[in-house]
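Paired with subunit B in one complex and with subunit C in the other, subunit A is shared by the two complexes that follow.
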Partner chain A sequence: MRLERRLGQGWPLRRGWPWAGLVLLLLVPLVLPEGFYLDLLMFTFMYAAMSVGWDIMGGYAGYVSLGHVGFFGLGSYAAALLLVHLGLPVFITAPLVGLMASLLGAGLGFISLRTRGPAFVIVTLTFTYVAQLLMLDLKSVTGGSQGLFLPLLDLPANLVIVPFYYGMLALLVIAILVSIAIRRSKFGLGLIAIREDEGKAEASGVNTSLYKILAFAISVWFAGTAGALHAQYLNYVDPDLAFELIITLNLIIMSLFGSRGIVWGPVLGAFILYPLSAYLVFLVPSRVAGQVHLAALGIVLVLVVMFLPDGLIRSYQGWRTKRPKDARPLEARASIVETTG
Partner chain B sequence: MTKDLAVHSVAKSFGGVTALAECSLEVRAGSITALIGPNGSGKTTLFNCVTGFYRPDQGEMRFGETVLTGLRPNQIVHLGIARTFQITRIFKNMTVLENMIVPVRQLGLRTLFTAGIKGHERERAEGLLEFFGIAFLRDEMAGRLSFGQQKLLELAAALMAEPTLLMLDEPAGGLNPVMIDRLTGYIRELNADGMTFLIIEHNMGFVMQLCEPVIVIHRGRVIARGTPAAVRANPAVLDAYLGD
Partner chain C sequence: MSPGLFAQSLVLGVLTGGMYALMAAGLTLIFGVMKVINVAHAAMIVMGAYLSLTLFRHLGIDPLVSVVLLVPVFLGLGALVQWGVVNRLAERDITLTVLMTFGFAIILEGLQGAIWTSSYQGIKTAYSLESFRLFTLYVPVVRLISAGVSLVLLAGLYVMLTFTSLGRAIRATIQNRTAAQLVGVNVRLVTTISFAIGIAIAGAAGPLLGMLFTFYPATHWLWIGKLLAIVVLGGLGSLRGAFVAAMLLGIAEQVTSVTIALDWAPMIFYVFLFGVLVVRPQGLFGTVERQSL
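== the complex of A and B ==
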């Protein structure tokens, strides 16, 4: 239990390795300015950050959102429109676009989170499609299915990725710090209480509706902000690209694979699964890469659910405590004390 | 400071089944009131109405001057009414200490994001765990505790909300005699400090030695109220328990 709890509460920050890792990642563009690796790492950061965000809602509070890509897509469009029409650079607007996503998330949560149960899942899924349809049909603003082209950044071609690399890395660092702060706070305890037993949480005085809405708003900030950066990185946004449901699925699988409800779980999941899937796409002919990728994702999901339902970190931790010093069940140890009072 | 709980002609039915029919009763501040009755007489339904889990079809409930009807469970807790459940409900995948911190009153964004377990709240939590003799388990996952320890934890956690009225749903259920004695002692001690109790219990020995007054409900109505001895001698009560 102990290791899990420490990892869950972000304890390794007191250790050197997360900081060493950060320094290493900060140095990568200087030593390894090759586009392929920077691109790979940048997308890993993006998925990791969004997955950590997803986990605040899906892991702590236990409410599965299928709508994160909706916020990602709307973030892409909002940033693109702000740039095309008002000339506001994405690196400045991205956090504000994230805030817009949060407000929208709060609104959606207000509708779907005041009750318990599956209403939320359905509403978030529907939201993705509604958002996609809107962007498709509001042709005069969004360019419809042709999408929007964003002006290029004024940088040499081999350096253009660098600001995105650091931007996504910053997003990931923020995500981890926010997740740690929440896990340690009363707010986080309340969210976990909701996941464990929502009725009991309410009977304990937790304002469950408010907590869930707030958690969802925080959770989608990362999707909205990442979407904004992503749009500028591709210099292009269209409804198919921005609202690909597979992005949400990626977030969920990464979180499950690493361990849901643990700060470092989604980070680990993203750092393993994204490079693997990129490698897979690299291996197979591009004609079928999309389909193979989808199938592989499906297989990973099935395998995780069947053989690793608790995710890597929890399973590793469980495996370690299977050979502990004191294997006696707690009850046996405690009953002596209990009867002697 | 402590307040009376007044329930006035509260009714609640589920489909065609009437669980409470014009049920009126009063829990005086400072008392240890028992609520007894045969299975299905509406005791737990009454608990659920008072604590906001059910919305009564009619009637009014007051705690002191405050009307409870229509409030949500979390608001009612903050008025000073805490409860436990018939089937013990704790957060099994949280530590004992975390279980204790969840019910701490949490208002405002500033307190919400401060560290969960610290300072005088932690001291209070540990003091209560000490009081119930389970402080040595503070860092264990609550799900690993024994049944009796889980019951004590639920009780201790309910106290973290700083209630003035504590509603216990079968606190002695499933406990061995030694534990029941301990529980009786705890309740007496808390009551001496001014805590009001409303207790549902089937263990008559426990009720008779601890509670006064005893309120009997049957088919959703109060049929008797009085001292344990008076209630025991009441023919209506015997009728209700032994069948018509």
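== the complex of A and C ==
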């Protein structure tokens, strides 16, 4: 089959521009050692990596998670505790902390993904709050609302950011490679089949529960790992900082804005939106900045959902190929959305 | 746990549960007709609490009066939002509709923070701290009032759903949207009306929440968790189930806060929520969702 040949062929990136971009980004700290830009780029990488992860579940399988920051926050705490109590450096534990997040994700997936319906939304929505409450209430271990201080990295102040810059960049590269690998695998096809019509996917032999649970476990690995690195970057975790709702919101908006279910969609979304929002935060008086930022992001989400549900890349492709006009979003096209009572 | 203490927890639990039932009723009604979790439901309730607080502080309007004032306002807003925005999307894509209500929740939280700051608030009326003794039991007046108001409103909802033609149309739409449409129910209109009623109930619950509990913009995350636990335990879309589950969880919360610790009381909701999803995803009164190919 032609499709299979296309999927099987070629090592990850056939085109050169992503590699050129990577080389450029690798060189940035040597050319532009100013903290401000490195900080900006580092957070862009972090959001891009987590968005690509979010999209494995939200874009490929079509199950939107409202609780990724729960895994980010627990990742922060796990890394902090491992460092404070056992002296294990975060740069070594981060991938393992991610695996812990994946296990937890698989557990939550087991609760909520065995059936269709709203259980996944309910569980991911409430999970963040549960995780935050746990970290707040387990005072003897986590320090409660006082938070935990992490020992500083032993580096001169102007160089501290460099390992985080490369760490987050590595996370982003891994995210993109994993996403491409999934997209070209039978597993990825199964996920997309689930998104298009779960009943038919199941009927044609896709183990839908297993696929969904696996996709979710992979998806949250990036959030957990990023959370671990972020905790060391700030040298501090507390329940408010670790479970900031804005993080989940950003991941959703970035994926939707760039295009869900396309490898580069969330990357594009993050590279456009993170610098933009970092700039806009400066314009608002700081007294209300947090609140206005939150409301503004909510408005952006509603606007994107209403007017750009297909995202930039897919809309551009649609406009370029001038396909027959079909205003419905992608997943509604192939499947018949029918509710049964 | 002594029998006296248990009886006391029972009384407080039932009184609080009455209000929980009211808050959950709107959520489960909206899910029933639209198959969408209204993530913004608790944020709308908290909005009702803030509006009532402002009316009370600046105009001296009692929160119980603001219940009556807020119902038509929220009914109108709910209808407007549903007809103008949500309905168009819900007919195309349920996932995006959920994301939209998530966006609404965030917008409301941000607005509340910008207008009323993010510090704790509470509506303190002259009778806020009053209570009386019934035999050996301690009964706070505000809890009794809020349970009474909730029961009256829920009874009204029950009568409307059971005995009017609109109620029949709503129940038909909940049971089977396509079949309801085939027998001549205007399901779009019914959906809009049901959504608006759900939001109106949220508006009515706002002042009650403000009287009983302290609140701040982010509290709606706590409340949506509690409400989801209630509607999932009761069976999504089932009003009767939501009522029973609200009572059960109201009591369980009180018992936990007495026997274990106050801090851990909210956790009981999540224990139930996750437990029910594992053991019996359709809840107490729900039906198993059939999967059509």
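Definition applied: the second predicted complex is superposed on the first by the 310 of 341 C-alpha atoms of A that agree within 3 Å, B and C clash if a C-alpha of one lies under 4 Å from a C-alpha of the other, contacts with A are read in each partner's own complex, and residues count from 1 in each chain.
One rule holds in what follows: a residue touches a chain if its C-beta (ideal position, glycine included) is under 8 Å from a C-beta of that chain, and two chains touch if they have at least 3 such contacts.
Small disclaimer: the values here were computed from a predicted structure and weren't measured.
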Touched partner set for A:E34, first subunit B, second subunit C, both or neither: neither
First (subunit B), second (subunit C), both or neither touched by A:A203: both
Partner contacting more residues of subunit A (subunit B vs subunit C): C
Touched partner set for A:A181, first subunit B, second subunit C, both or neither: first
Touching partner for A:I192 - first (subunit B), second (subunit C), both, neither: first
Shared subunit A contacts, counted only where both subunit B and subunit C touch the same residue: 199-200, 203, 329, 331, 337-339, 341
Contact set on subunit B toward subunit A in their complex: 51, 53, 72-74, 77-78, 82-83, 85, 89-95, 98, 101-106, 111-116, 133, 136-137, 140-141, 144-146, 148-149, 157-158, 161, 178-179, 182
Residues of subunit A touching subunit B in the complex: 1, 5, 181-182, 184-190, 192-193, 196-197, 199-208, 329-331, 334-335, 337-339, 341
Touch list for subunit A against partner subunit C, complex: 62-64, 66, 110-112, 114-119, 121-123, 125-126, 128-130, 133, 137, 199-200, 203, 245, 249, 252, 256, 288, 290-299, 301-302, 305-306, 309, 328-329, 331-332, 337-341
Residues of subunit C that touch subunit A when the two form their complex: 31, 35-37, 39, 85, 89, 92-96, 98-100, 102-114, 118, 174-179, 217-218, 221-222, 224-225, 228-229, 232, 236, 263-264, 266-267, 270, 273-274, 277-278, 281, 287, 289-293
